[in-house]
Amino acid sequence: MAIVTFGEIMMRLQPPGYQRFTQTGSYEATFGGGEANVAVSLCNFGRETRFVTGLPENELGTACVGQLRRWGVDTRFVLRRPGRLGLYFCEKGASQRPSKVLYDRAGSVAAGLQPGDFDWDRVFDGAEWFHFTGITPALGDSVAALTKEACEAAKRAGATVSCDLNYRKKLWTREKAGTVMAGLMPFVDLLIANEEDASDVFGIRAANSDVTKGEIDLDGYRSVAEQLVGRFGVKRVAITLRESVSASRNRFSGLLYDGGELFVSKKYDMQIVDRVGGGDSFAAGLIYALTDGMRGADAVEFAVAASCLKHSVEGDFNAVTVGEVLALCGGDGSGRVQR
Amino acid sequence: MAIVTFGEIMMRLQPPGYQRFTQTGSYEATFGGGEANVAVSLCNFGRETRFVTGLPENELGTACVGQLRRWGVDTRFVLRRPGRLGLYFCEKGASQRPSKVLYDRAGSVAAGLQPGDFDWDRVFDGAEWFHFTGITPALGDSVAALTKEACEAAKRAGATVSCDLNYRKKLWTREKAGTVMAGLMPFVDLLIANEEDASDVFGIRAANSDVTKGEIDLDGYRSVAEQLVGRFGVKRVAITLRESVSASRNRFSGLLYDGGELFVSKKYDMQIVDRVGGGDSFAAGLIYALTDGMRGADAVEFAVAASCLKHSVEGDFNAVTVGEVLALCGGDGSGRVQR
Amino acid sequence: MAIVTFGEIMMRLQPPGYQRFTQTGSYEATFGGGEANVAVSLCNFGRETRFVTGLPENELGTACVGQLRRWGVDTRFVLRRPGRLGLYFCEKGASQRPSKVLYDRAGSVAAGLQPGDFDWDRVFDGAEWFHFTGITPALGDSVAALTKEACEAAKRAGATVSCDLNYRKKLWTREKAGTVMAGLMPFVDLLIANEEDASDVFGIRAANSDVTKGEIDLDGYRSVAEQLVGRFGVKRVAITLRESVSASRNRFSGLLYDGGELFVSKKYDMQIVDRVGGGDSFAAGLIYALTDGMRGADAVEFAVAASCLKHSVEGDFNAVTVGEVLALCGGDGSGRVQR
Amino acid sequence: MAIVTFGEIMMRLQPPGYQRFTQTGSYEATFGGGEANVAVSLCNFGRETRFVTGLPENELGTACVGQLRRWGVDTRFVLRRPGRLGLYFCEKGASQRPSKVLYDRAGSVAAGLQPGDFDWDRVFDGAEWFHFTGITPALGDSVAALTKEACEAAKRAGATVSCDLNYRKKLWTREKAGTVMAGLMPFVDLLIANEEDASDVFGIRAANSDVTKGEIDLDGYRSVAEQLVGRFGVKRVAITLRESVSASRNRFSGLLYDGGELFVSKKYDMQIVDRVGGGDSFAAGLIYALTDGMRGADAVEFAVAASCLKHSVEGDFNAVTVGEVLALCGGDGSGRVQR
Amino acid sequence: MAIVTFGEIMMRLQPPGYQRFTQTGSYEATFGGGEANVAVSLCNFGRETRFVTGLPENELGTACVGQLRRWGVDTRFVLRRPGRLGLYFCEKGASQRPSKVLYDRAGSVAAGLQPGDFDWDRVFDGAEWFHFTGITPALGDSVAALTKEACEAAKRAGATVSCDLNYRKKLWTREKAGTVMAGLMPFVDLLIANEEDASDVFGIRAANSDVTKGEIDLDGYRSVAEQLVGRFGVKRVAITLRESVSASRNRFSGLLYDGGELFVSKKYDMQIVDRVGGGDSFAAGLIYALTDGMRGADAVEFAVAASCLKHSVEGDFNAVTVGEVLALCGGDGSGRVQR
Amino acid sequence: MAIVTFGEIMMRLQPPGYQRFTQTGSYEATFGGGEANVAVSLCNFGRETRFVTGLPENELGTACVGQLRRWGVDTRFVLRRPGRLGLYFCEKGASQRPSKVLYDRAGSVAAGLQPGDFDWDRVFDGAEWFHFTGITPALGDSVAALTKEACEAAKRAGATVSCDLNYRKKLWTREKAGTVMAGLMPFVDLLIANEEDASDVFGIRAANSDVTKGEIDLDGYRSVAEQLVGRFGVKRVAITLRESVSASRNRFSGLLYDGGELFVSKKYDMQIVDRVGGGDSFAAGLIYALTDGMRGADAVEFAVAASCLKHSVEGDFNAVTVGEVLALCGGDGSGRVQR
């Protein structure tokens, strides 16, 4: 059974080490984007995964397809068209200096996709799961409409649907996000969010928590999860809980609410190698765990451990295996050399 | 007395060495663009030079301004606005494999400039020369109108105007180019072109020359120069003559026609380090030479020697000094170590 | 219709630039091997291609599979087993200093493959072509037996079989090579060799040619081709003709003999970026051309142009497209910038 | 109104990452020096800043001028002369291994500057502030005399004068430093020092503090500030307080004494990216804040936040903006990604 | 008086920064191996040291000899033979992701050494100390026999013998290790082990300690040391105590038991730059200290401080001096810049 | 029997690839200097070689000693003193742009050496050859006096003395060079010079040769050799003949005059990887050949082939073996891959 994700993948251009944009004379080039990251992560976990997107016909698009293939992603449903590749420039932060992301994605081939561009029934043939994030419908009205098409086809195919809210304020307003995402919620079985998304998109708040202070409050998040289930009828809600001590050090945990029980994971104290894609690696871990038959507590532990490892891996893609995640879940976070 | 150039500057992203776009995992980042290249070259020759353009307000724009400043370019007339930076991806060719340039400049801040954006009389205050290329009006109708504004102000300020035809088929059709450029010719004192521009833009052909064969015919080019002077009334025409043996080896010379006499330079046999910006370095060399009071033969020799050296320098910018150009003009192309 | 290749793929470790083994502190790591190179090249030409090999279960094996996938190679028939990955160290030569290759492939998983390891009928299901090189049977008796298994299955499936003689003196003696390769010739339809292989393996000599002098003699090679057809009954013989002016400069051409007519290609004068894989890119070009329906002259021109471009590309894999090869066949080897 | 700084700028040569001098085969080359760092920092904060120094006429001097210009520093008063560029080699420490600096600055053009080399009245035309450090007069008697010339001219122009004591034991003895610096104190309005400078140069000690233990005592430093004001009549004293947990982790704060009140900043717990230039970024922050009209508490908070951010930036120069410093002052040190 | 070590040295291939094996396109190449690391460390401490091993005759072997010489190791007793160089691939871990080592050493020249290959009496001429690790006899029966030959010759020469147990489960079983190592113990004067070795090799356990928890128990280790002295009659036992907080952070201390007294060192809290070779740097520190005449407490402090510094140094080799180690022993671990 | 060389070794700092000084942000760091290059080359040819110099006591001096040792140079006679290391910055030229060398060697430890600093009789104990270049006495009067001391001791020890004239106009005038070098000639058995040295130092000219034109005239050089033998009584004269087509391409040959016969080598057409050290590799080749018993024609062929290979090797040091040189002498300059 296959898993399908749909969204934009961009070239990520990052100065080496801790150089700033205003200092650098070179950029490391990788690729990433919410749903692509989830697809690659699931391939690394051994799942057959299809990634649906649009890419330019030029060599940059070819390079991007090659990188997706390299991790085993099924790229048969990648449309190639004249146009440009979305880019994002990423400057790695350290200590009190935050990482900085500059998007240059306007006018990309992906943002110009239209309803009817994909034969969704072929895409979802034999699929058990569909995942998208709030970034995709934010690319524009036509992509939002396409997302709805995808959700409908997923449901026709009997697939479970998961959505990571992932609010991006540079792409749309809170009002617009609230309206569009509310329209997609009826299709969603599993809703994933970080600490701020529910508030930004739906105005649902976790009381007593100030993200800039690095403190979190579990009770507040339980209430957020309950409200999301209550308002939209989603079956499960997962929330990632990040305490930012600094750009170099975060504490990370997560919770899963299944409409009844709340499962809260262990919390990891992490030295950050690369924080981007942390949420996507959680989503992928959760999808893997749930499709593997893990129950609530085990599933959220797997997802959080997967995400914890991602923070030690360069690039958007979570280059870790199921075995490595299970070893961390099993308690060995001591980082002793494996010979 | 200052020199003014006006146009777009882009970030240039190039894989290291001879890696192809489909292979690379990193890009070297420099900046370049026809008129910016001329401005930097003139600064390196000791001329006070102002570069007029638009750049985004973000850190990439700041990095670009910093690089212009680094070579001494006067950046007071660089407009900073919300928006994106034009980019181009450049893959270095070798032997029979050509270099490849992918432009990603649509929607840039520079392409969105409008008539009225600059106080041209301040820009040209104390200016003796204005240079632009055919790329700038090709960015769009509003930038073409701006270019005309600039030409008019240059003339008001008593400045000489030079134009490098530089036809870019990805930006506009030959018909459009012909119409727009013809409208700008009345302002132009010195017209610069490579082997194909006059044909592409104005349909004026150098007979008996096939650029893909690497053979050139001086008589043909004399006729092209005469036609350009005849049709548009420009005072001087300069033509660069490139024989492409391969991507690794070119022969390069140039000629200058002053409406009467034709001055043909020595021809250089070059191993190519970086071919991009070769024409711009010729234009800058010629402007320097003419504003320095060199006569026809010396001027074209200086311009061709400057361009010859550029082919041995990485990046768009011609990082050479007047002394180095004169040494080559003086006959020392033996490349012996200078201790 | 699919193409199948079978052989070993190794990690290639090469010092940056022109550093020597005794100087370097880092190695660029790519992957390559005769049949893998042909497979990647054919994928780049748009052919569906399956590569059959054995690789270790560890992360190095996974990285290798990823790189094959990245170019679109079908890796379903790659066996993963405990053991080591074959390696080769490659030092790039220049001018009078030759490139140097140190193999460290003994005891690799690929060299330990045994008859019965593959279900060849599944491998060749829907296959139209099978390609191998003389390196594969040289890995050991069991791999030679496997190669014969593969040839038999290819023939059962109705596939054309091509073989590149590729004699490696570090792997076996001329005597052993002669015996084993002669046993495989009955299956071979297209036999490919470079200037020395026919002599080394079968004692068939092109008179009047001294490879260390960089001179070649077409008449001698025609006679070699005739002898190969006569002795083994192969349908076609292709020979690559390399004149080594220096490590930095080679002249390269090829010929194809179809048992009647001899087709000799144009000769290219090349600046070398990376010479390794030159023969494999010729083989892949020829297989593409013949399966595309090109006739003798066109086919050998395509193969030689593909190989010519390979010499300007870093790494074993020929990262070029059909369009690029056809452009060079069509006569544009001037290397002018493509904007 | 312009700010003027005067001192030496050197090329900084640093092994990549954490390589030691005895291991490295390459050096990253940037430029830095106390007063140059302050000048660049002030430019980044938007201040018009002139840097006065001497540099060799060769290409290394030109490269240095280019880097100063790149950040917007006014380099009109940089003297170019035959001679050498001062260098310093810097090895980055980690954990218990300290960073190591090897100066190779003897005989530099800057160290050979003489009274009369600059037209100080032109330098200070329109200047509101002059900054120098104790390193400059330590370069030799003639440079010390030049420093006095500069102070006198600054006073004539009505500029405020700040001095960072910055004792360098490799350049002069404590006795010599005490004598020379005491002679410059009458010109100084704002005196800046780190934990040890006041003791090394003037024998004024902060009791109960052992810098190698990483413990500091505020009361001791208040007494140091009072003694400095008392003995030399400076208007304000600022002291940086660094607790070195290890080469990888420091705690940093500062205080400002205005002759009456003592303002003590918040303390930052920092992961170190690059510790060099930390004091200079504090000085620049303080000058910016005071010339911007901030009062004591705000000014020291701004200076310390600027310096904190510097520790996360590679190189001597503090590549941060006012906005970034204010954001940290405003309390967001969580390092959350800015998209 | 010279020190002799005997064992295998391998090429270490490591992806840059924190890249994983499955991501990297390049490897940094250094050399290392337990006894070679000890030899280099002792040379850095000023000891005349001979390293005995076998290396291939090819350029990789020559590069390895060159690196040993570079640190001053006496390589006269390095045998050069046809064959391969042992390799190991090393992926640097971070935070909860452990470092990973893949050995590719089977069939190396060193592993093929035979009794009689060395003239041990010449090797030990003028030697005062012999050091080996448990890795060497694990390379195979013939190398184990050679090790015994070496021990016998060392004793004949009157040298002290030290052994670092260093159990490697990929090389042999616990049973085999126990048998072989027990046979070598009669020659050993100083036995060194980390937390797990005594248990793995001899079944001697430190109760109440769980290495994956990062907790240690000194009483348990005293008992381990007593048992080792008791069972084998070694004169001294040294144990390294590592608490792994994560791959990025370890706490490290050590103890030395002289058959009577137990000397326990200070404990260092370390940010890890490179953890490999940590144990070898302890052994070298201890050998230096003891041959320098330091007594128990000082010796173990020196050894632990040397090892602490090693964790901040890239590569297997501990590129630090006696002065640097003594400075840390003396209490300055604050990492303050040394100018 | 040992060979002794005496002179300065400097750190060589070179921008990567073809970057210019004014562009680069990093430098590759190697070491080199005339006599050190000869010493390393001779070690690579298997000769026991002692290099005598002075180096600073700091880590840069240690790194330099390490690099000498790495190639097997006997560094027992390297004096370590407080002071600085000589440096030179080297920018690699290409095509018509020459390479550029900036020396920063004034005030180095080597330049401060004094008569009496070395126990020359110990240095020359068992030595058969002494080599120095004209650069060493140019470092100053005291070093010139030391050079004479060395020559006298060499003669006492019965060693042959060779001198490479190597005139450096930045170090001394022609007049001074002429006087000092003439004073050393009585000790010299073999005098080596390039095309211009004899003229610059002794006013002895090769008529009809213009080095900037890349043309050479053998008759002229025969006359130069005869004059040198005649005037100074040296036994042999060797002259390197370089035709500079461009910075990327040179033709190189040499001649040896033994007072009777003139031996002229084959001429090599070279693509330049690194031209620095070309003369030193010739000297080393010649010394090796003569001490190996080769006769005139063979000796000069060996020396020229060694130098030819050097031009394809990065860095000052000629990292090639006797086998490689002999292979080229034997006629294989085709650069075919060696597998």
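As written, the chain order gives the labels A, B, C, D, E and F, with residue 1 at the start of each chain.
The rule we apply is simple: a residue touches a chain if its C-beta (ideal position, glycine included) is under 8 Å from a C-beta of that chain, and two chains touch if they have at least 3 such contacts.
Keep in mind that what you see is a predicted model, and the values were worked out from it rather than measured.
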Between E-F and A-B, which chain pair is linked by more C-beta pairs in contact? A-B
From the options E-F, A-E or A-B, the pair that copies B-C, where over half of the contact pairs coincide: A-E
Distance-wise, how many Å sit between the C-alpha centres of chain C and chain D, to the nearest whole number? 62
Centroid spacing, where centroids are CA-atom means, of chain C and chain E in whole angstrom: 45
Between chain B and chain D, what is the separation of their C-alpha centroids in Å? 42
Mind pulling the residue numbers of chain C that touch at least two other chains? 17, 20, 22-23, 25, 66, 100
So, with touch as defined above, which chain pairs make the list? A-B, A-C, A-D, A-E, B-C, B-D, B-F, C-E, C-F, D-E, D-F, E-F
What residues on chain E touch chain A, complex-wise? 17-20, 22-23, 93-101, 103, 168-170, 211-214, 244-249, 275-276
Taking the complex as given, what residues does chain C use to touch chain B? 17, 268-273, 308-309, 311-315, 319-320, 324, 328, 331-339
Interface with chain E, chain F side, in the complex: residues 66-67, 69-72
Please output the residues of chain F touching chain D within their complex, sorted ascending. 13, 16, 20-30, 58-60, 62-63, 66, 84-85, 87, 89, 91, 100, 102, 104, 106-107
